[in-house]
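In what comes next, chain A is part of two complexes: it sits with chain B in the first one and with chain C in the second one.
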Partner chain A sequence: MSYVEAQPLSPRARRRRVMRRRFLRRPAAVGSLVVVVSFVLAAVFARWVAPHPPGATDFDAILAGPSREHLLGTDELGRDTLSRIIWGARASIQAGFFATMLAMAVAVPIGLVGGYYRGKVDTVIARITDVLLAFPFLILAVGLAAILGPSLLNATLALGIAAVPPLIRISRGETLELREEDYVRAAVANGANDGVILGRHILPNMTSTLIVQATLTIPAAIIGEAVLSFLGLGVQPPTPSWGVMLNAAQPYLSEAPQLAVYPGLAIVIAALAFNLLGDGLRDVLDPKTER
Partner chain B sequence: MNEPLLEIEGLSVRFETDEGTVHAVDGMSLALAPAQVLGIVGESGCGKSVTAMSMLSLLPSTARVSGSVRFAGTELLGASKAKLRQIRGREISFVFQEPMTSLNPVLRIGHQVGEVLREHLGLSRSAARARTIELLDLVHIPDPERRVDEYPHQLSGGMRQRVMIAMALACDPKILIADEPTTALDVTIQAGILDLLRELRVRLGTAILLITHNLGVVADIADRVVVMYAGRKVEEAPVTELFAAPQHPYTIGLLGAIPRAGQAHNGRLREIPGRVPSLSEPPGYCAFADRCPRADELTRSQVPELREVRPDHAVACFHPGQR
Partner chain C sequence: MAVFIGRKVGAALIVVFLASVIVFAGARALPGDPALAYAAEDRDPEVLAEIRDKYGLDDPVPVQYVRWVGLALQGDLGTDSRGIPVAETIVTRIPLTLELATLALLIGALVGIPAGVIAAVRRGKASDYAATTVALLGLSVPHFWLGLLMIIVFAVNLGWLPAGGYVPFREDPIGNLEHMLMPAIVLGTGLSAVLMRQMRSAMLTSLGADYVRTARAKGLSERAVVGKHALRNSLITVTTVIGLQLGALISGAVITEQIFGIAGFGRLTVDSIAQRDYALLQGVVLVAAVGYVVVNLLVDLSYSLINPRIRVAGGRSA
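Our next item is the complex of A and B:
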């Protein structure tokens, strides 16, 4: 009789396998991951993916409908819509990722310090955060972008700063909860210094929350970038961006509504995909979910 | 007895709360000699844990601690944060009640034990790992080379408590404070942990301050026992003396409430009537008076002082005695 000997797996590998299995069991999560990855790849490799350069004009096809040459048609200057959407993904993805990273880098340390040390500093941080939370994200971003001046970099900065308050609140709340954990108490009793407690005990235990929060902040920033560019506070024409394209489509809404529909769809699909991915990750990373 | 390693004198802990001041510990004194096992016994909320936590300033900032805690001649109350950090885990370490939640779920066992070593002894990563494996072996965790890379959720409660003990012993501390180390574990595992503590005391010469509500545990392992009630020490004696000739009616009550196999209780254990008094208003008389069969006018008018009624056997009661 023969039997297959079980391969000993390292605990990390085993945990990864469980995670992967849980993730693969969620079609919405898998689908959204595929969409997100294709958007990112398209943005990064726009030069090779896009059939035309984003600024190339084709005067034989102005405001043309879909054709073999221009799959999604052309705009008022004969520029290929599909190519511009692909190039536009760059601005969106860039704003989404960098604004989120900036917001995390600012908010998480503030939340950790406030939540861990409590006291007057924390009260000040919490109250300022509450005040800033009273402003809707987009209003805050528009205001900041107007102050900073129009450019993709400034729009990203504005979006990043506007995303800080909710992230402070979340990381502070998590810290408040985690500092009462028995293992934090035990670490203090074992003489760990504050840096070790914050860096090794509290921060790692909130990573799953932060990852989920990031996947929810990214779509907000993508939409925010489109709004700012639409209002002329972000990417400047002729550089393509979904917001810029929407703005440019306005005069031709009756003749060529597809000019507004396609970039609009791109925004919806990208934002939805990130949101669904966030939902999926939350279910996978939360050990309390059943499936 | 040689020079005490740890000496607590007149320790009082008050908590300022919205409902007023809570007197958690009142005038507590005790001494722990090197390699001694001292048991602190009492009901929930009598101030056992607070006493232990206050020694290393581990209480929340609402606590007002007064008195004196001397460790090897150094005063610990009011010591600087840096000084306390050097002592915590290095000279005096803690094992808590909840092994299920006292380990960080995202860190491997080896990392968590190793962290203490790296923090206090400045060991390198690989040296800390090697020492961690030794420590896991010391606390009888089977297959330590494999376990060192596992996460807490892969270990049972008993194993986790062994890891906690390994972590506490990492720097070869002089005192191990075990706060209800076996309460969350089932009886067979409990016996294993107690055996381990006993063995470590003999092998490493670590003094152990054992906090428990379980007199069976105390009888099993302690050299000396302190009985606490409502934040005060009511009786102290060597363990055999205390079990043979308990003097305080509260201690007698506790001993009467232990179930014993093969011994008839007429189907019912004796209980101590009444409830633990509120700690917010110390009555100004014996805190046990309302539950005590021996209470009289004197008991209800003054707080009894601790006095020695038999050799090396102190009790805080106006009417001590076995019956």
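Our next item is the complex of A and C:
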């Protein structure tokens, strides 16, 4: 007689399965994930997704309304709005992701060190964070972008640096709390060195907080990129970006208001999707926070 | 209490000092020769040398910094590239932005706080979902796009309100409010969304607290329970949030003024960056940072006045 032994799921796999179920039970979170993924795919495969090249001009259709040829109409040079929005997603997604990654890469180690070692280093870190927090996010980003010079890369850098201070505060606070946990004390008693404690015990336990923060920083950076480009401090025309498109639409508000509507709608949908995804992830990863 | 205030003020002073260093270093880091900005089109080396000498641009940077701070403490922020005193420009621009920010705060509070209370009291019902959804939308809509949309609808299509510009209140009060209404709504939207969310969660916490149960148990009307007990305690949290939102308000004012063509403090910030006007930029950003720190200090202090427990806990950990 043969039998198949039931394989008990490892605790980690079980946890993952519970998370997935909890996530799938939230329609808003699932929907926002779908939207986020479509935005990313559209940005990456813009060349194939967009019906027209972003710079292609159609002089027979200038400031035209929606038509079969141009689903969302055209701008003052006869360029296809839909195609430019799809290409513009590249700048937004790029700024959103890379600025957030940069901010995390800088802020988390600083927060870990400050929160874990306390003492003078921590005081200095906390004070500098306070000072940087005295500058509003966008003002800091605008100032940095002005120093670095206008381009998408520099705007991304500026947004990333500007997002560092709040993330330091969060990761530091989290470390302060986690270092008092019993498992950290146990690890210390077992003679684990600081690197192991920080990397294997504290960091993994704050990943859920960090993931949620990341999904909330990305939309801020996406809107930030649009604002910088709108002010002429980010992506430079003719390269399409949602902020550039909105800026270019300003003279045509009465003739072709749709030019100002669609790119903004893209920003709102993208930002909303990331915010909802962040909310959903917080519910799933951190059951403590009741809503 | 005196020790507590002293400590808070001391911390704020340190923040202001470091902020001034950052502002100064940041302005120096801007690309371009400041002497060229002052000289406008004149590139004659002699003229440039004269300007460098006049503004002390050849001195070591720390010396320049000390001189700048020394004068700033006396209210002298130097002169901009057109020879106009920076402090004077800032003083004339600030009232516009203050009016805009005050109106926005008013709109934010008048919409956000009641909406949050209603959402919390009617938790899980349709009105709660509606308020929560609208708030989420309000958080995701960027100021400048909302501004453009409102211009399209209310200025271009309906012709109800002017698309931009500014009229001083003293000259034409109604015209002033007409010009300020759209910008204030644009700036107040994000704030009302934040306040609504904070108010809702604060109210939910208070409504679950023991003192509310006690109030209900002793037979108080629902109105008294919500209005007197839960609301009052929730407002404390919201006071802090308003202070923390000041930064967002300043950022928002920059964009809003840009769109509606209001020559306020925010517009001045962008212009000073665009024109590479050192003295102006330094002054503007310094004033913004100091204002932010001062308001947060006041919020901190008032918070501790309302709730003495903060004072004790804060005093111990700080």
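Everything that follows uses one rule, which is that the second predicted complex is superposed on the first by the 277 of 291 C-alpha atoms of A that agree within 3 Å, B and C clash if a C-alpha of one lies under 4 Å from a C-alpha of the other, contacts with A are read in each partner's own complex, and residues count from 1 in each chain.
Here, a residue touches a chain if its C-beta (ideal position, glycine included) is under 8 Å from a C-beta of that chain, and two chains touch if they have at least 3 such contacts.
This is a predicted model, so every value here is computed, not measured.
Chain B and chain C, once both complexes are superposed via chain A, fit side by side. Within the superposed three-chain model, A:176 lies out of touch with both chain B and chain C [touch as defined at top].
Once the two complexes are laid over each other on the shared chain, residue contacts for A:40 go to neither chain B nor chain C.
In the superposition on chain A, A:188 makes contact with chain B only, while chain C stays out of contact range.
Of the two partner chains, chain C is the only one that A:254 touches; chain B does not reach it. Look at A:196: by the touch rule set out above, it reaches chain B but stays clear of chain C.
When the two structures are aligned on the shared chain, A:62 is found in touch with neither chain B nor chain C. In the superposition on chain A, A:271 contacts chain C only, with no contact to chain B.
Comparing chain C and chain B on the residues of chain A they touch gives the larger count to C. Once chain A of one complex is fitted onto chain A of the other, the partner contacts of A:204 are limited to chain B, with no touch recorded for chain C. Taking the C-alpha centre of chain A as the vertex, the lines to the centres of chain B and chain C open to an angle of 90 degrees, rounded to the nearest 10. Once both complexes are placed on a shared chain A, the shortest Cα to Cα gap between chain B and chain C comes to 9 Å.
Those residues of chain A that touch chain C in the shared complex are 127-128, 130-139, 142-143, 146-147, 149, 219, 223, 226-227, 230-233, 246, 249-250, 253-254, 257, 260-261, 263-264, 267-268, 271-272, 275-276, 291.
Across the complex, chain C meets chain A through its residues 11, 14-16, 18-19, 22, 26, 29-31, 136-137, 139-142, 144-145, 148-149, 151-152, 156-157, 163, 201, 247-248, 250-251, 254-255, 258, 269-270, 273-274, 285, 288-289, 292-293. Residues 56, 58, 84-90, 93-94, 96, 98, 101-108, 115-116, 119-120, 149-151, 154, 164, 167-168 of chain B are the ones that touch chain A when the two sit in their complex. Contacts from chain A toward chain B in the complex involve residues 10-11, 15, 181-183, 185-193, 196, 200-201, 204-205, 207.
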